[in-house]
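Right, one structure below, let's go through it.
For reference, chains read A, B, C, D, E and F in written order, and residue numbers begin at 1 within each chain.
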Amino acid sequence: MAEPYLPTLITADPEAGFQLAIKMSRLGVKFTQPSAEIRAKLRPIYEESADSLIWSSQVVATNFQTVAQANNFWR
Amino acid sequence: MAEPYLPTLITADPEAGFQLAIKMSRLGVKFTQPSAEIRAKLRPIYEESADSLIWSSQVVATNFQTVAQANNFWR
Amino acid sequence: MAEPYLPTLITADPEAGFQLAIKMSRLGVKFTQPSAEIRAKLRPIYEESADSLIWSSQVVATNFQTVAQANNFWR
Amino acid sequence: MAEPYLPTLITADPEAGFQLAIKMSRLGVKFTQPSAEIRAKLRPIYEESADSLIWSSQVVATNFQTVAQANNFWR
Amino acid sequence: MAEPYLPTLITADPEAGFQLAIKMSRLGVKFTQPSAEIRAKLRPIYEESADSLIWSSQVVATNFQTVAQANNFWR
Amino acid sequence: MAEPYLPTLITADPEAGFQLAIKMSRLGVKFTQPSAEIRAKLRPIYEESADSLIWSSQVVATNFQTVAQANNFWR
């Protein structure tokens, strides 16, 4: 990863913050499984598993807490 | 998604905040599995699984923490 | 739900706060599975599963964090 | 439960706080499964399951966060 | 346990804090399963299960949050 | 471990913070399973399991919350 993947936690609005939280959740997976090929192989598994999707949403929720705090909740 | 899906974390009261937390939990799923068709196929699975419902409630609880903090707990 | 189900996060004391956290945990389930009939069918499943009970207690703990903060920990 | 089960989150020291967090974790189970008989039946199951014990410890950790904050970390 | 097992959350540095978080995670297990014999029997199970190790690390992460806050992040 | 493994939570920027969160998540595993040989044996299991990767990302998200707070969100 030559270019920066997480330059800042500050975003323009909640939506951009939510997208950042999704990106961070994927980064957490990416650094544990760096092979794009294996991740591609796993995608249809978790994308069609109800529980995997719920757990993914849990990771996003946790990362969004961090991003929202960093942005003082965009108040 | 042409229209904004998360314009603000500020809500009128705890109930509106709880509904927002539910929406955010679904958005976390939606962005991982964008196909409405597959999500519809999965719905009867998690809706009739006690554990899936508990884990869904965990995601809502986490998102509600964020929303409640953003609204200074509606104090 | 015609009557308000979450009018405030403020409670008289920690016990009332704990009851509210339990209510919120159930609301998280209720909004995902609105059918009272199906929820009733699932109840004996999670009520007799050690792990389901532990995960339920995790949801309550998360919601109680929010309620306790809202009440400034009843200090 | 006639007598108060959660009168305060304030404790004398971290150890008493940890004991309170354990109690709260059990209360979360108790209110979901009020039958002492069924809980007794489930005890040997989760007490001899490594994963159940880890998840129980997660609930205690979450409740302890709340208790520790309430006590300003006993600083 | 005659001697104190959690006298303070204050530690000299992040490493001592991380060790405390590990100790707290084990205490959460210990109080749920007090038998050292059964815990010893379970050890090889979770120590050789990838998922059990990940969940253990989650408990440590949660406890470390508490310890880090107590120590004002050792800033 | 002769050399310090967690000297500080302060990092130059969010990316270095994310790397620290990953390191902390691995430390949580390492202290529960100190054998490098067994960890190496387990790696292909969790690296090719969609759910294990999601749970790993959850641990990273939790540790990143701590690191981000310690760094005042690099604001």
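Criterion: a contact is a pair of C-beta atoms (placed from the backbone, for glycine too) under 8 Å apart; a residue touches a chain by one contact, two chains touch by 3 or more.
Since the model is a prediction, treat every value here as computed from it, not as a measurement.
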Steps in the shortest chain-to-chain touch route ending at subunit F and beginning at subunit C: 3
Same vs different contact residues, subunit C with subunit D, by half of numbers used: different
Degree value of the rotation bringing subunit B onto subunit F, based on Cα positions, nearest 5: 120
Centre distance in Å when subunit B and subunit C are each reduced to the mean of their C-alpha atoms: 16
Where subunit A and subunit C are represented by their mean Cα positions, the distance between them in whole Å: 27
Distance between chain centroids, defined by C-alpha means - subunit A, subunit D (Å): 31
Sites on subunit C at which at least two other chains make contact: 46, 49, 51, 55-56, 58, 62, 65, 69
Category of the chain touch graph - line, ring, star, complete, other: ring
Cyclic ordering of chains (reference subunit A, direction subunit B): A, B, C, D, E, F
Residue ranges of subunit D touching subunit C (in the complex, touch as defined): 4-10, 24-29, 31-33, 38, 42-43, 45-46, 49, 51-52, 55-56, 58-59, 62-63, 65-66, 69-70
Residue ranges of subunit D touching subunit E (in the complex, touch as defined): 13-15, 18, 22, 46-51, 53-58, 60-62, 64-65, 68-69, 73-75
